[in-house]
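Structures incoming, each one as structure tokens.
In what follows, chain A forms one complex with chain B and a second complex with chain C.
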Partner chain A sequence: MRQQKGKRKYLLRLLVYPIIVLLGVCFILPIIFLLSGSITDNIEWQERMTALLMDTKGYIEWRWIPDYPTGEHFKRLLFYTPAFMKLFWNSIKIVGLILVGQLLVGVPGAWGFTAFRFRGRQMLFTLYIILMLLPFQVTMLSKYLVLKEFTLINTHAAVILPAVFSTFPVFLMYRSFTAIPKELLEAARIDGAGEIKTFLFVGLPLAQGGIMAAMVVSFLEAWNMIEEPLAFLQDKALWPLSLYLPEIDIAQAGFSCAASLITLIVSLFVFAIFRDSLEQGILASALKG
Partner chain B sequence: MKLKADYSCTLRNRKKGRGWAGILFLLPGLVGVSAFVLIPFGDVIRRSFYTALSGQFCGLQNYTRVLKNQAFLLAAKNTFLFIIVCLPILLGASLLIALAMYSFTYLERYKALYLLPMAMPAATIVLVWKLLFAKQGFLNGSIGTEIDFLHTEAAFFVLLGTYVWKNIGYTMVLWLASLKAIPTELTEAAKVDGAGCLKCFFYIILPCLKGGLYTITVFSFLNAFKVFREAYLVNGAYPPEEIYMLQHLFNNWYINLDFDKMAAGAVLAAVVLGSVAICLKRLWDKEEN
Partner chain C sequence: MSKERKKVIYGFSMFLAFMAVCTLIAKGIYTSGLARVTMGKVQSLNISHKITGLGSVVAGQEYGVYVIEGLRVHTIFVKVGDSVKAGEALFQVKEEDLEQMLSEKEQLLKQIKAQLTDYNIGQQKEKGNRQKQVTRIQQDYDSLIREQDIQIKQRQIELEIAKQNLKRQEELASVSGGNGANTDMYQLAVNQATIALEAAILNKEEAVKNWSRSMEDAKNEAEWNGETAQRINLNQQITQLEEECEELRELRQAEGIVYAKEAGTIISSQILIGERTMDTACMLYAKESDKVMVEVTLTSQDMEFISIGDIVTLSYKSRDGESKHIEAPVDFIENYQDFGVARFLLSEADKISIGQLVDVEYVSKSELYSIVIPKYALHKGEMGDFYVYVVEEQEGILGMENRIRETMVTVLEENYQFAAIQSEFLTKDSVIVMNSNKDITENDIVRIVE
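And now, the complex of A and B:
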């Protein structure tokens, strides 16, 4: 009986392993595609894409390794396209300020929800969840009107401020704060720690993973945002990098691949650095649910 | 004995006084949320009762206009359809992969492959999709057909695939976290009692997962609206009928300055989404108790 079970598990393993691994590789094929596309020069792109560009019969050819690899796209992007660098730093500025803002506003907010009981707490939290679920288009108008009142339209603040006060990070961090056992908080209070000290020295360190995870998710959101800057920033010089990519014509596919890759590399970098905290944080945030 | 009485007295008093401190922690967040979301939304509610051009009070006229609007009915139907199709598919697929990783811990090292799609900017995805799904694209090339996936009703499935591809990693990690939280004594006890794998799954694992289901559903629901980005970048403001969603509609109303319809539509959408959030929360709270 035992032998049968072991054999069954072995066969299952034989079936499941390749599926999961191959599926995973398929998932990142677009990234590999970008890599190969960005070192293919324009002439090769033209050759392969004639069917698409001329809208004739036939198909696009593809070769994973180009016949004549080139760095011309990267050279052009990094040295001859000042717009790219300007937008790159715009993105860095916007995303950086958003993350700092969310930390300053959202972390105490999540703590406020977890560590205290006050009247209307549940209602307020439900309100936060509702606000979080509303797609941008539903609150777009109201945000526009408020930003217009403060004459913030067409400045970076128009994109930064609403994002700083988003209720999404509060929700993400709330879950990992609730994982902290109440006894620890009680112990801190008994030992005479004031509210702020409890927050800073007990709450924060214990919820570190969750906060990091929330920040990584927020970073990805902010780095790739499209709707907000499109709606509130008319001046193209203020645009973040995420809006530069759609402007590149498909005939410039190689260049577009290179630009995409650079935009992506920053995200991958953040991912790689915070991978362990990310998983830890997601773990903590899922458990209490 | 006297000390004990004093001690608990102090604790009780402190508990009473503690509540308002929670509000202090939440205050900066609340101020921002009120300023940028709640108060302007209140203004939008007010606007939904006035006409855009003349500023006259018109009662529920805007609401009736919106509810009879063909575009609105189409968009609402499509959005609803998309969500009830994509959510179960995402939750099911990610659960399957999570189960595989839970049963065979060797596979966990491939988690990163599934998480990477989340980091890709929308414009990059659109670039790859254009080459993959065009009439002369790679997909058609490999199966020898000429379906224009992006500009016909097949676009619905492209969006569906995009949604699953992007979110399966994060959802799977959430499931995995919930799975790992199931005490192994339960599954071991069941196995000792002679339960096979399938019985184990249905009677032990599934019920334990109900807790994580709320968080996972909220996130997946939230992300379902984000496919608008890819849809907008591929097909612009007026995509094929089948994928014309509420976000497209609101976006067009915004561009055309149809603020009165937009206001009424936004209030309706908020009411519906709010009720969904509250229903979900009720279900989850019931489970908790």
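And now, the complex of A and C:
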């Protein structure tokens, strides 16, 4: 019986693993394409992608390893394109402030929904969920009018503040806080811990995974946001890096690939740093859910 | 925190540090690549044109020393620039040539005089013939008039007879009471006779008119006692030869030496020893008593700014060795295709000598222009149009950028230093690019340095 089970498991793995590997390759292919493209020089790009770049009839020909690899695009991007750097630091600034803001506003908000029972709580939380479900296009006008009223249009605050008060991370963190056993919180209170101490020393450490997961998701959202800065920032000097990439001409495909890779590196680092927390947070939320 | 996470955080920090360094380098490279421009406000100025030139002193009026053409020069006693006194020897011609030429001219004079005598005799004979012609015409006229008078007389008689016949016929008709047909016939005869008489009178008048013309011409011809072209020519030749002979005799008497008639300065010599004199002046000199002129050649561009009456400054060393700066008006101007000549009259009091070099300087000032820029801030396009660079602040990815804009202008006036310009985009408060450490073009981003 046990042998049969083992055999079945082995067969299942034989079937599933190739599918997983295939899917993995499919997911990683764009990154390999970026890597390859970023070290392909412009002449080779033109030779291979004429049909695509020049919009003429014919076939594109792609080689994963270029005939004449070059670091020219990275050199140009890192040392001769101050605009890219400017937008990179804009992105760092915007994302950093959004995350800090969400930690300061969203975490206590989520804790509030978890720890306190007050009138209208359910209704407020439902409103939170509804707001979370609304796409940006729906709230754009109202956001614009409010920001204009506060003369925040064309400032980084126009992008940062709406994100700070975003409902999605609150929802995510709320799920983490609700995973904390109530008995534990009550025990802390019985031991004499006030609401703040309970939040700081019990709630936060136990929901750390969920908070981190929410932060990682928020980071990815903020790092890749396009609509908000495009709608609220008129000066190109204020734009984040996500808007720089569409500015690159298709004829500069190699340069574009290099820029995309550099943009991707930050996300990779964030993911690598918070991978465990992200997994734990999602798991905790899922378990509770 | 796991070791692995620490490593990743460290790697992320390194990445951010690397990006920070790259940012500094990229900005540094970008900034160092920008052209550095200095800005300046346009000015309200007069455009002044400083004209300078090196002039020379020339004679105010030139006089020529002439001798008869063809004499061979033996000695020249003076050179250009020499001051000579009245009676001073200028040059000497060969006496043998002089003698030979004199005898040739005297011989020629004799021949021409003989020709004139022959011509006069011929003319006298001609005159006699013409007088005879007049007499003949007069005789012809007399006989013609007589003939015409007879004709008229005859017609008058015929008319008288016709009238008498008509009258008699009319009387007969009134007495006999006959018909009028016969009377008409006589009346017709009277009319015909009248016409014939009138025709005779007209013939005479025509003959008299024709004769008068012929007579007048003949008389004019006969009575004409004026000079003919030939005679005038001969007389002129004689006069000229006589003058030349006289001059040659005087020269022979002076042993072939030509003397200065008045004190002055030799300004040009057209003769050389051993060569023959020409029909032009052998030497040119300026009288001491006359004014001298400073003559300066200027470019046609400079000539646009100078006109008669403008006061120029002349700097030179006087005959005493003293440096002098005097102001003199422009007296004459001559414009040629590529250059021009300006002349200024000077007096003896200016103590300046012919041939001396003079520094000429003139500064002309234009009207006050509201937009004047240094010449180096003005640029010329390929089509010959002019433009200046202005800087426009523009929002770019790197923040506010100074972008170069070409502004077309019209040049109203310019000198070597400034240009007065006009443009609808510029005012007297406009600020333009004055200098740049690199070549700049439209849309270039530049760095403004104070």
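FYI, the second predicted complex is superposed on the first by the 280 of 289 C-alpha atoms of A that agree within 3 Å, B and C clash if a C-alpha of one lies under 4 Å from a C-alpha of the other, contacts with A are read in each partner's own complex, and residues count from 1 in each chain.
Here, a contact is a pair of C-beta atoms (placed from the backbone, for glycine too) under 8 Å apart; a residue touches a chain by one contact, two chains touch by 3 or more.
Quick caveat, the model's predicted, so the values are computed rather than measured.
Chemist: Give one word, clash or fit, describing how chain B and chain C relate on chain A after superposing.
Modeler: With chain A aligned, chain B clears chain C, so fit.
Chemist: Once the shared chain is lined up, is A:L220 touching chain B (first), chain C (second), both, or neither of them?
Modeler: In the superposition, A:L220 touches chain B alone.
Chemist: Is A:W62 touching anything from chain B or chain C once the two structures are fitted on A? First, second, both or neither.
Modeler: first
Chemist: For A:T167, using the defined touch cut-off, is the partner it touches chain B, chain C, both, or neither? Pick first, second, both or neither.
Modeler: first
Chemist: Who does A:I28 touch here: chain B (first), chain C (second), both, or neither?
Modeler: In the superposed model, A:I28 contacts chain B only, not chain C.
Chemist: With both complexes overlaid on chain A, does A:T81 touch chain B (first), chain C (second), both or neither?
Modeler: A:T81 contacts chain C only, not chain B.
Chemist: Just chain B (first), just chain C (second), both, or neither: which does A:R13 touch?
Modeler: After superposition on chain A, A:R13 lies in contact with chain B alone.
Chemist: Name the contact category of A:F201: first (chain B only), second (chain C only), both, or neither.
Modeler: Touch partners of A:F201: none, neither chain B nor chain C.
Chemist: Count the residues of chain A touched by chain B and by chain C, then name the partner with the higher count.
Modeler: Partner touching more chain A residues in the overlay: B.
Chemist: After the superposition, just quote the angle formed at chain A by chain B and chain C, using C-alpha centres and rounding to the nearest 10°.
Modeler: That angle rounds to 110 degrees.
Chemist: For A:W89, using the defined touch cut-off, is the partner it touches chain B, chain C, both, or neither? Pick first, second, both or neither.
Modeler: second
Chemist: Smallest separation in Å between any Cα of chain B and any Cα of chain C in the superposed model?
Modeler: Least C-alpha distance: 16 Å.
Chemist: Determine where on chain A the residues touched by chain B overlap those touched by chain C, and list them.
Modeler: No residue sits in both footprints.
Chemist: Which residues of chain A touch chain C once you look at their complex with the stated criterion?
Modeler: Residues of chain A touching chain C: 78-89, 92, 235-237, 239, 244, 265-266, 269-270, 272-273, 276.
Chemist: Quick check: in the complex, which residue numbers of chain A touch chain B?
Modeler: 13, 16-17, 19-21, 23-25, 27-28, 30-31, 33-34, 49, 51-52, 55-60, 62, 104-106, 108-109, 111-113, 115-119, 121, 124, 126, 128-146, 161-162, 164-165, 167-168, 170-171, 175, 189, 195, 199, 220, 223-224, 226-227, 231, 242-243, 245-246, 250, 253, 256-257, 260, 263-264, 267-268, 271, 275, 279, 282-283, 285-287, 289
Chemist: Show me the residue ranges of chain B that touch chain A in the complex, using the header's touch definition.
Modeler: Residues of chain B touching chain A: 14-15, 18-26, 28-30, 32-33, 35-37, 39-41, 43-44, 47, 97, 100-101, 103-104, 106-107, 110-128, 130-131, 134-138, 140-141, 146, 165, 168-170, 173-174, 177-178, 180-181, 211-216, 218, 221-222, 225-226, 228-229, 232-233, 246-247, 250-251, 254, 259, 262-263, 266, 269-270, 273-274, 276-278, 281, 284.
Chemist: Can you list the chain C residues touching chain A in their complex?
Modeler: Per the stated touch rule, the residues are 2, 5, 8-9, 11-12, 15-16, 19, 22-23, 25-27, 29-30, 395-400.
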